[in-house]
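You will see two complexes here that share subunit A, one where it goes with subunit B and one where it goes with subunit C.
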Partner chain A sequence: MSTPAVAPDTTGLPPLDTPPPAPDFGPATHLSCRECGARYDLGAAYACIECFGPLEVAYDLSGVTRELIESGPQSMWRYSCLLPVASYAGSEPNLEPGLTRLVRADNLARALGMTGTLWVKDDSGNPTHSFKDRVVAVAQSAARRLGLSTLACASTGNLANAVAAAAARAGQDSVVVIPSDLEDGKVVTTATYGGTLLAVRGTYDDVNRLCSELIGEPLTADWGFVNVNLRPYYAEGSKTVGYEIAEQLGWRLPEQVVAPIASGSLLTKVDKAFRELASLGLVPDSPYAVFGAQATGCSPVSEAFREGRDVVRPQRPATIAKSLAIGNPADGPYALDSVRRSGGAIADVSDEEIVEGIRLLAETEGIFAETAGGVVVATLRALLASGALDPARETVILNTGDGLKTLDAVAGHVAPTATISPDVDEVTAALVDASHERTTR
Partner chain B sequence: MSVSVRIPTILRTYTDGAKDLSVEPGEPTLAALLDALEAAAPGIRARVLDESGALRRFVNVYVDEEDVRFTDGLATPVPDGASVSIIPAVAGG
Partner chain C sequence: MSTPAVAPDTTGLPPLDTPPPAPDFGPATHLSCRECGARYDLGAAYACIECFGPLEVAYDLSGVTRELIESGPQSMWRYSCLLPVASYAGSEPNLEPGLTRLVRADNLARALGMTGTLWVKDDSGNPTHSFKDRVVAVAQSAARRLGLSTLACASTGNLANAVAAAAARAGQDSVVVIPSDLEDGKVVTTATYGGTLLAVRGTYDDVNRLCSELIGEPLTADWGFVNVNLRPYYAEGSKTVGYEIAEQLGWRLPEQVVAPIASGSLLTKVDKAFRELASLGLVPDSPYAVFGAQATGCSPVSEAFREGRDVVRPQRPATIAKSLAIGNPADGPYALDSVRRSGGAIADVSDEEIVEGIRLLAETEGIFAETAGGVVVATLRALLASGALDPARETVILNTGDGLKTLDAVAGHVAPTATISPDVDEVTAALVDASHERTTR
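And now, the complex of A and B:
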């Protein structure tokens, strides 16, 4: 029997019954529930239908070498082969964040009585001056692959900056939702990048809830909420902090790392990055301990650690560290897992200690951190005092944002040494007074 | 008594796509409300509660504007006319 003749295809288009090609997410293979292991296709999904557990990107990581990474761009895109992005993601319009400084902090170490080498991973050097540019870059790439044209987020400020700027750079619409009481610096900068900025009368947790409720509304059908329906991709961007630390140390892991905890995601992803690098043979599989830092005014994960609980009880935040003021941190249980598994600890510090931490880092290393950085420095001091952190071991602390965004936190604590007329004698008198004050302080 | 319940996207397969349901719990508590919700949308309760009958750790339930973890959990009062939201926990920053 002869087969029917088929007219030759002269259109160059695939046949009508050919399914569209799957979006290119590079080495990512699927989404997996962190709680029950249920498996989902790569898409704009973030919660498990079975158990509400958060979904995480799963990979087939093979063929990754140090040489491949080192030959990549001078940005976080050198780690594309370890992220849920297409190989060409870095060449699409984006802010090209990452590869921030790892600063050796000998003066701070001395001030704190540490004998081991201390480093500051200074992510204030990112394009919008916080580590959030990294997570947004991965989420923006995912939004493109999934055909989501508007970039949106719920934010405590740094993410607002990053989303509004990344969308502006790519010519996308953005919708940024923030609590109305954020620091002026974060509101003004976000508004300057353009896009829609909605200030909600309520806490960050209220804003987060609102954005979760917006998912599924017809209004938001083509919105990619970077930290809601794109969260599995977004969160992976934080791994690049860990990759960079290891590469900048000469392809090895530090013995101790101190990270701030807001949602708990950054800490868990740095831990994940270290484990991936070790399992791929890119760094020696040496032990390390992960430590967490919170403000006492919003310390649900620190409290759970102290009390030996796995359950994180929500708190109502009241702290100057607004970028860490998440009272109901969804990744808190996983942060506890990382810290306990690695033999680290979590501590919290008062608002006064946070300001002292900001000033200490600025005075010893010339790095002006935002409040979250102050939390980390003050917590490092507290962990040293309690004996939880070993002063003789090599330690990396994370500064996630720029102090220029949270000037209010220190404005009442510092001032000019003297206000004088343009007169040499007045300069001399001011310097004598200042010297006297220093010796009597 | 009648209570309005906001259903999250991932649970709307149990409600034929409806995003709001109105139910009439036998008692004014969250536990009774979930019983009434189960009667209206069979299978939904096991998505919200774990095998031990406790709220799953990645689900947030609000009675009016209050997160029930700040109140009495499943014993939280649910008055006539209340509005209840079930929302997957997501982190942010």
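And now, the complex of A and C:
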């Protein structure tokens, strides 16, 4: 076909017959089906048309060096060259999450009888105090590239905070959909950031299904559901937890890592991050085992692991660990795969053990975790007791959220030592009583 | 006097007649009375024997360079060379606070009609989510040098969290004394970290008086009250807020800074930090104005400023901003001095304005502040309205704490947009209603 003669362009705009430039997703090249490998252009797609498998971002990561990363900002954007984002994504309005503390936890290791070094990757230091700020940051960037002006999500709470805050910071509209029985710390916070907050009478799985149904409705034409139609980009944000652990250890991998399992995405993406770093030669290719932690009240992946199944049977959640209460986890089978391939294990713990885990971490390291962090600490203890996790190996555990959001979980279990009048003698008496109580219990 | 002949030392210990080496407080040289200038050795002293004036740390800061600071850790310990701490203080067990985000707040500036650049120094990113982690870190280091093994404090809540967590992290005992009517977010959290927590029926001023009375009792011989007998060291920790602002701006001072006033210490120490940096040649010696923010329900310093007094008359606090509810602020007169000398101003705002301030910051920048942050935002607005603060000048406001600790303050003012069944039609109806409400209000 010959090109028709056109007048010289004086507008600065591309001529009408030039296709619009592809959106800039940095090193990402396409989307690929995890099940059948079918290939799709980068867009707001999330399920394979051929086989309904989930789509995942594929990359050309050649040219990434430690120096490039180390010269980047003090946030997760230092890993832009490994994410489906434009190089300038970090300088667009966003919460700038990441580069949270990797805390050496000698006291906790001692309390658990571990001889290997133990670390806590403490994501409660993110802007809205959970790791969800990371995934939202990548999804927000994708929404911009794809012209989706409203940021939306289905959430168990932490994601609600992260989406509402990120949208506020960027001057975007947001629509956040949550189960109506969430903790106050998550509902009040989300509502304070503004945007639309819809409380749904039902479980998280009901909320999630509703959001899937909303996609395709005219109402949601310019909505980017961060964890539905933007899920391939969103999920990649979790890789930054793995990158940071490796860089903070001095560019090497730990021997064992324990991650909570909700949808299963975080665990699989930390595994993916470790494999990427090794394959790019950024860290030595040393073996590591990935362990998963669930609450017994919502343990479909742990159950499948225990029973040697590949199929994850949905459960109806009943646990205080609401941020892990996903009864039908989308990435459950992939989490099972990461754990089995790496020689790890999955275990689950009771609500009582979760509270004990929260208290143990706070008392030994001064880190006040939300229930999900309690699940991880208690599961670490259970995995040590069963012999599945080696106490002599270097281990990193993930704390994904903040105890201030789940105060009710511990409120009935802790209290002031004494309530007294402002009088020196009453202080003395209270301390004598407390000391007596400690020595006699 | 001639030295008696002694046997050669084979123990490795210093001979008995050698005085013990002075504790290592880094660049600090002595304590100096702010009122009469009397000079004291570095120790657990806090009030002048001559005139009862407060003691302050004095230094020899020669040799401090930008390069020395920039080569330090990504925490407040990069400023060790400007604090009363040994050079190795940062590597002893502690929470490693500081280097929190300086957030450019263009949306908030626009909402307030400011044309100069506005920044939020967001100290909610500290380990226990308030600036108190900084002051406790310096006090904890001083307690170590002085052999005080129990960390104690009088607290309005944030300090309670910071002391209990820091002590847990270091395996120390702690005794935290609070008014019994504090927010759950502060009481439950503190109790979870462990240690002794005493709730006192009374105000913060009652608690503070009680702690002063406890000093000298045999019971407290090895207690370091971070904000009483370790106060000279503790208070210096607040300087790091000022250092970080200057370094994060590219080694220069802002033109205006707005700080909350509780005891008045934070405001005076930010001012001190700016003056130190200028006198050391680390930043250009440019003029800046310091502004103070109080809640009307506890506004003794604002009242003294308005009435042109040097004397701060104690008040009985009645405000939702409990972390600022100090009716008899120890450093009130010095805060007045910083503000007047720099050409700033002090104002106070109602509880209703505080809630509006919290919401405005959350809605514009995605930062959920505690009541003290609401006080600062609302006071910024009041100072702009009165013409005391210049909307065209570069301004930094301090957010010292986290909204998750003071949820009750906003809980009655925000709510989900709607509570619905998991049904697409109900989502549509809820959004239409919400949109209708927005356009008609």
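Here, the second predicted complex is superposed on the first by the 433 of 441 C-alpha atoms of A that agree within 3 Å, B and C clash if a C-alpha of one lies under 4 Å from a C-alpha of the other, contacts with A are read in each partner's own complex, and residues count from 1 in each chain.
Quick note on the criterion: a contact is a pair of C-beta atoms (placed from the backbone, for glycine too) under 8 Å apart; a residue touches a chain by one contact, two chains touch by 3 or more.
Remember, predicted model here, so these are calculated numbers, not experimental data.
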(message) If we overlay the two complexes on their shared chain A, which of subunit B and subunit C does A:Ile326 touch? Say first, second, both or neither.
(response) first
(message) Let me test your reading of the model: by the given contact rule, A:Val290 touches which partner, first (subunit B), second (subunit C), both or neither?
(response) neither
(request) Using the superposition on chain A described above, determine whether A:Glu213 touches subunit B (first), subunit C (second), both, or neither. (result) both
(request) Tell me which partner A:Leu398 touches in the superposition: subunit B (first), subunit C (second), both or neither. (result) neither
(message) For A:Val257 in the superposed arrangement: first (subunit B), second (subunit C), both or neither?
(response) neither
(message) So in the superposed three-chain picture, is A:Arg169 touching just subunit B, just subunit C, both, or none of them (first/second/both/neither)?
(response) second
(request) For A:Leu282, select first, second, both or neither according to whether it touches subunit B, subunit C, the two together, or no partner. (result) neither
(message) With both complexes overlaid on chain A, does A:Ile49 touch subunit B (first), subunit C (second), both or neither?
(response) first
(message) With both structures fitted on chain A, tell me whether subunit B or subunit C touches more of subunit A's residues.
(response) C
(message) With both complexes overlaid on chain A, does A:Asn158 touch subunit B (first), subunit C (second), both or neither?
(response) first
(message) Give me the intersection of subunit A's contacts with subunit B and its contacts with subunit C, in residue numbers.
(response) 207, 209, 213
(request) Spell out the residues on subunit B that touch subunit A in their complex, using ranges where they run on. (result) 6, 8-13, 19, 47-48, 50, 56-60, 62, 67, 69-70, 85, 87-93
(message) Taking the touch rule as given, give the residues of subunit C at its contact with subunit A in the complex, in rising order.
(response) 74, 93, 95-96, 99, 101, 106-107, 125, 127-129, 164-169, 171, 175, 177-178, 180, 184-185, 187-189, 191-194, 196-202, 206-207, 209-210, 213-214, 217, 219, 358-359, 362-368, 402-405, 407, 410-411, 414-424, 427-428, 430-431, 434
(request) Sort out for me which residues of subunit A touch subunit B in the complex. (result) 35, 46-54, 132, 153-156, 158-159, 204-205, 207-209, 211-213, 215-216, 227-228, 231, 262-266, 311, 313-314, 316, 323, 326, 328-331, 333
